Amino acid sequence: MEYLNGGVRIPDLRVDIGPLSLANPVMTASGTFGYAREFESLLNLRRLGAIIVKGISLHPRSGNPPPRIIETACGMLNAIGLQNVGVDRFIVEKIPYLGTLGVPIIVNILGDSLDEYRHITEKLSGCGTVAAIEINISCPNVKKGGVAFGADPAMAAAVTRTVREAAAVPVIVKLSPNVTDVTVIAKAVEDGGATAVSLINTLIGMAIDLKRRRPALANVCGGLSGPAIKPVALRMVYQVAQAVSIPIIGIGGIATAEDALEFMLAGATAVQIGTANFVNPRASEEVVDGIGNYVLQEKLPSVREVIGALETG
Amino acid sequence: MEYLNGGVRIPDLRVDIGPLSLANPVMTASGTFGYAREFESLLNLRRLGAIIVKGISLHPRSGNPPPRIIETACGMLNAIGLQNVGVDRFIVEKIPYLGTLGVPIIVNILGDSLDEYRHITEKLSGCGTVAAIEINISCPNVKKGGVAFGADPAMAAAVTRTVREAAAVPVIVKLSPNVTDVTVIAKAVEDGGATAVSLINTLIGMAIDLKRRRPALANVCGGLSGPAIKPVALRMVYQVAQAVSIPIIGIGGIATAEDALEFMLAGATAVQIGTANFVNPRASEEVVDGIGNYVLQEKLPSVREVIGALETG
Amino acid sequence: MMTQYQEKAVVIRREQLSADNVRLTFECPDIAAAAYPGQFVMIRVGTGNDPLLRRPFSIHQAHKEGLLQVYFKIVGRGTEMLAEVGEGAEVSILGPLGRGFRLVESPACLVGGGLGIAPLLFLARELSRLQRDCGLDTVILGGRSRSEVEPLVKDFEQFGMTVVTTTDDGSYGQRGFVTAAFSSLSLPASCAVYCCGPEPMMAGMNVLCRARGNSCQVSVESVMACGMGACLGCSKPTRGGGYVHVCVDGPVFDAEEMVWNI
Amino acid sequence: MMTQYQEKAVVIRREQLSADNVRLTFECPDIAAAAYPGQFVMIRVGTGNDPLLRRPFSIHQAHKEGLLQVYFKIVGRGTEMLAEVGEGAEVSILGPLGRGFRLVESPACLVGGGLGIAPLLFLARELSRLQRDCGLDTVILGGRSRSEVEPLVKDFEQFGMTVVTTTDDGSYGQRGFVTAAFSSLSLPASCAVYCCGPEPMMAGMNVLCRARGNSCQVSVESVMACGMGACLGCSKPTRGGGYVHVCVDGPVFDAEEMVWNI
């Protein structure tokens, strides 16, 4: 479908993440867009498909000591340490502004136990502004000796079920790429009741400062993001698309509309822009524009035609 | 120790991979240096610590249809499909030249069954020129439904044991990074009798040609290499160094002496230069020079002082 | 919330002030008009993905008419690429970012070490505009040797402040550190100190100012990815515990708030 | 084994032959002296990691005195960067690579489409040096429009060959494809055809030459990582089954050896 608005053709960019309808497939990735307000003078926040805010935990976390970030070849490592204001202050301080934007707000949550995930979810389910919850399962499960929830299918399914039961809104599970077979985890969270999966979170990496003979990050290891990881992300999205039937949100090194469209061809219904926001704060809006132009140029009835349209024969 | 050669100080760059002594820690990575002869007019092959040749299988393989390679951000994907001349022709056609170089020749081997690995090893053990065998365990095990040997600790240990029993020379096991916990595999192959481990092989990735709406590689997925993967490789080397006591050979995005020294700080006894050979065919020799200069400048008695010397306190 | 801009700025002048130090003047009207001394910009040094991130630079000068200057040292690949940008080229600049210096009415002492001199020129001009008597103000410019200091002296002299110079090697001005020059000056206790330079120098200035009772603002550095409070990468520990973020809470802080490792 | 060199070559001339087409002349003595028509070089278009790989270009001209030329079209980021390299700049070149044209004594017909013209100039010169009668030789130069063809005509005329030109839009020479121009020429069956251009054109030339009994050598392209037989990335299927590697087995092949998708 295509609209005419004062003679200008408007491309149909709407996509659905389960019951959640988005005006377009472009979201901002958690932890790379602050609480959105930071960007308000640089782009039109209302044009985004959805906004995902920095990961929120039950209690405030002050994060890791510096250095927390280091640039790498076509990428960066971060070890922010999940610094955030905690769910209570988030609801009081950040939600009111976010509620004025008229864009679906998705809250990324993290915890170190099932209880913590449940509590945050209950608190967030109270405020009408939250359109969906995205679960970061890359966090260590303290009760299981610190193995990441996302590294074990049973644990990943358990978090999903826990949040799903407590949530009044759709639940997106954000998958870790640091696993042998991402499709196993994807299927487990699908069975656990996930509305959708988003992937990938960062790859675990490390950098060394040769002069000081020390790790470049105080935390030794960090999460690798940016264009460097795009091939891995694209492969995992493609694999998961063959394995599950819930919608997929593609993440990893997306900076342009072309990048976003490639993820959609591989099977993603929507995408998230992460590190690119740092390089070009207008990146997410430019991706919306670029996808629109593509849909018009290719004369597609809707951007939904692109989803999974990769030809491999 | 330091030598004086006509008044010039010579740094001590010798390192040992089990019983195998190398003049310096710099090797060429399998599949990126052909059978070495291709580079003979561009650098002094005799200055390398060791030469690892293209992976050899029992029977010749013609490889995948094109396109087989595609550039990505700070990296490249390859899906060569393990094209090689097969072990018999390798012994007849390639070994004689390699034997003249006076440099340890390490043969990378691959197979799709334990039997195949054993057969190749037996054939190679016959020729005196082979200084060590490097097992590529990233290949699919046909008997186990195509799961890669390297993705399963028991299978990885079994290949190691098989080759170890048939081999008259040290056995290096080359680890795949496409696993949840690389230390589990590293420990398994250590228990299986590996003389050393080398890591990392390529990360599985994918690229898409938006215009043609097709995968950029005929094989759909390929292996990601180059500077983009260096942070992942460095992290895995560091992790494995905490987990095993056999020597580690670091691989992944190494292009300069600084890169190589970082891997050594993280715990590698030696390094391999891969994709960088394509960008700068002299890269491996330049890394030897650069490590030597570092040892002299820092007035180190030996390059061995660098191994695992990372300060994390 | 402050308004920020992402502008395609045109390089209209490139000055090689010494072997490693370059000054670029951009036509960059929105950022220049909104800028305040002590704030900074994030510059994209290339067009590809490597290096990926923007680089932070203090605003060296900003004119309401639209000109913006940065003054930087070539220390790595990013600054190398920026130094090679020719006049007429377009560069993406994001800014103005951060909280700058708190301008106070009392006599001022500006202390800059090495490239820390960069933000002080804009500060000096704005201080001189405050209808204050700049005759009581002092600027101490220090560097490793002559080439790091001399090219900037004239720019500061125009405001009628006393300019004191030091070099580590004695090749220009007094031999020694700016901290020594500062110690030997007799300044009123009401004097407000504005400082930017290497960490050890700012740590030293903090000690001296506390001893003398001078207020001391410092402009600090940190690795940065976004420059606008989104990545939380630029944290610095504070004396009170917890972290501040250099890009939004600073880069200018009261020296006594910060943790100094000396 | 052939000897190859990795040289730091200095750009001594940069010619913008049309909006998208650039010709660079390098001082590159070792490679120039060893080069043979139809061979290529791998050029590093930047100094960073992105783009990572070298780019392959045919040798357009090589003089024993040390000059080497490439002639290329801006199609992506690598060629864009190469087009921006200024005179005096240094560029890393690897070569000479591959197996070039087999030069035969019989009358020659050189057929180039678009940037496929690039390797033919060096070939034309070497053919003219073989003490042959170039008066019997023909060069067909084709392109999309005038700007792709006209700038190169003079360079070929110097060898005394007949130059025929075609453009798709008729803006210069005959309107139409080089294959049509080739069909309309009456050439001896002994005529050796040397051809470089887009795949469909070379596929067409293969059909025409087989019909007429002319031998036909083609210079083909492929993505390449190393250019020297080390990565095995540049495979092309052959009619006999199996693969050849463009960088070492080619880039010049007998047209009838190859698989043409038409």
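Letters are used for the chains, namely A, B, C and D, taken in the order the chains are written, and counting of residues starts over at 1 for each.
To be clear about the criterion, a contact is a pair of C-beta atoms (placed from the backbone, for glycine too) under 8 Å apart; a residue touches a chain by one contact, two chains touch by 3 or more.
Bear in mind the structure is a predicted one, so any value in this text is a computation, not a measurement.
In summary, the chains found to touch both chain B and chain D are A, C.
The interface with the greater number of C-beta contacts, when A-D is set against A-C, is A-C. Centroid distances from chain C, each centroid being the mean of CA atoms, peak for D. Mean C-alpha position of chain B lies 47 Å from that of chain C.
Centres computed as Cα averages put chain A at a distance of 35 Å from chain B. The multi-chain contact residues of chain B, meaning those touching 2 or more other chains, are 73-75, 226-227.
The set of chain D residues touching two or more other chains comprises 49-51. Chain contacts in this assembly form a complete graph, since each chain touches every other chain.
Of all residues in chain D, only 46, 48-51, 77 touch chain C in the complex they form.
Residues of chain A that touch chain C in their complex: 31-34, 37-42, 54, 62-63, 65-71, 73-76, 78, 80, 83, 226-227, 255, 275, 277-282.
Residue ranges of chain C in contact with chain A, taken from their complex: 1-6, 44, 49-54, 92, 94, 222-237, 242-243. Taken together, the chain D residues at the contact with chain A in this complex read 49-50.
Contact residues on chain B toward chain A in their complex (touch as defined above): 72-75, 77, 151, 178-181, 203-208, 210, 212-215, 220-221, 224, 226-232, 234-235, 238, 253, 258, 261-262, 265-266, 309-312.
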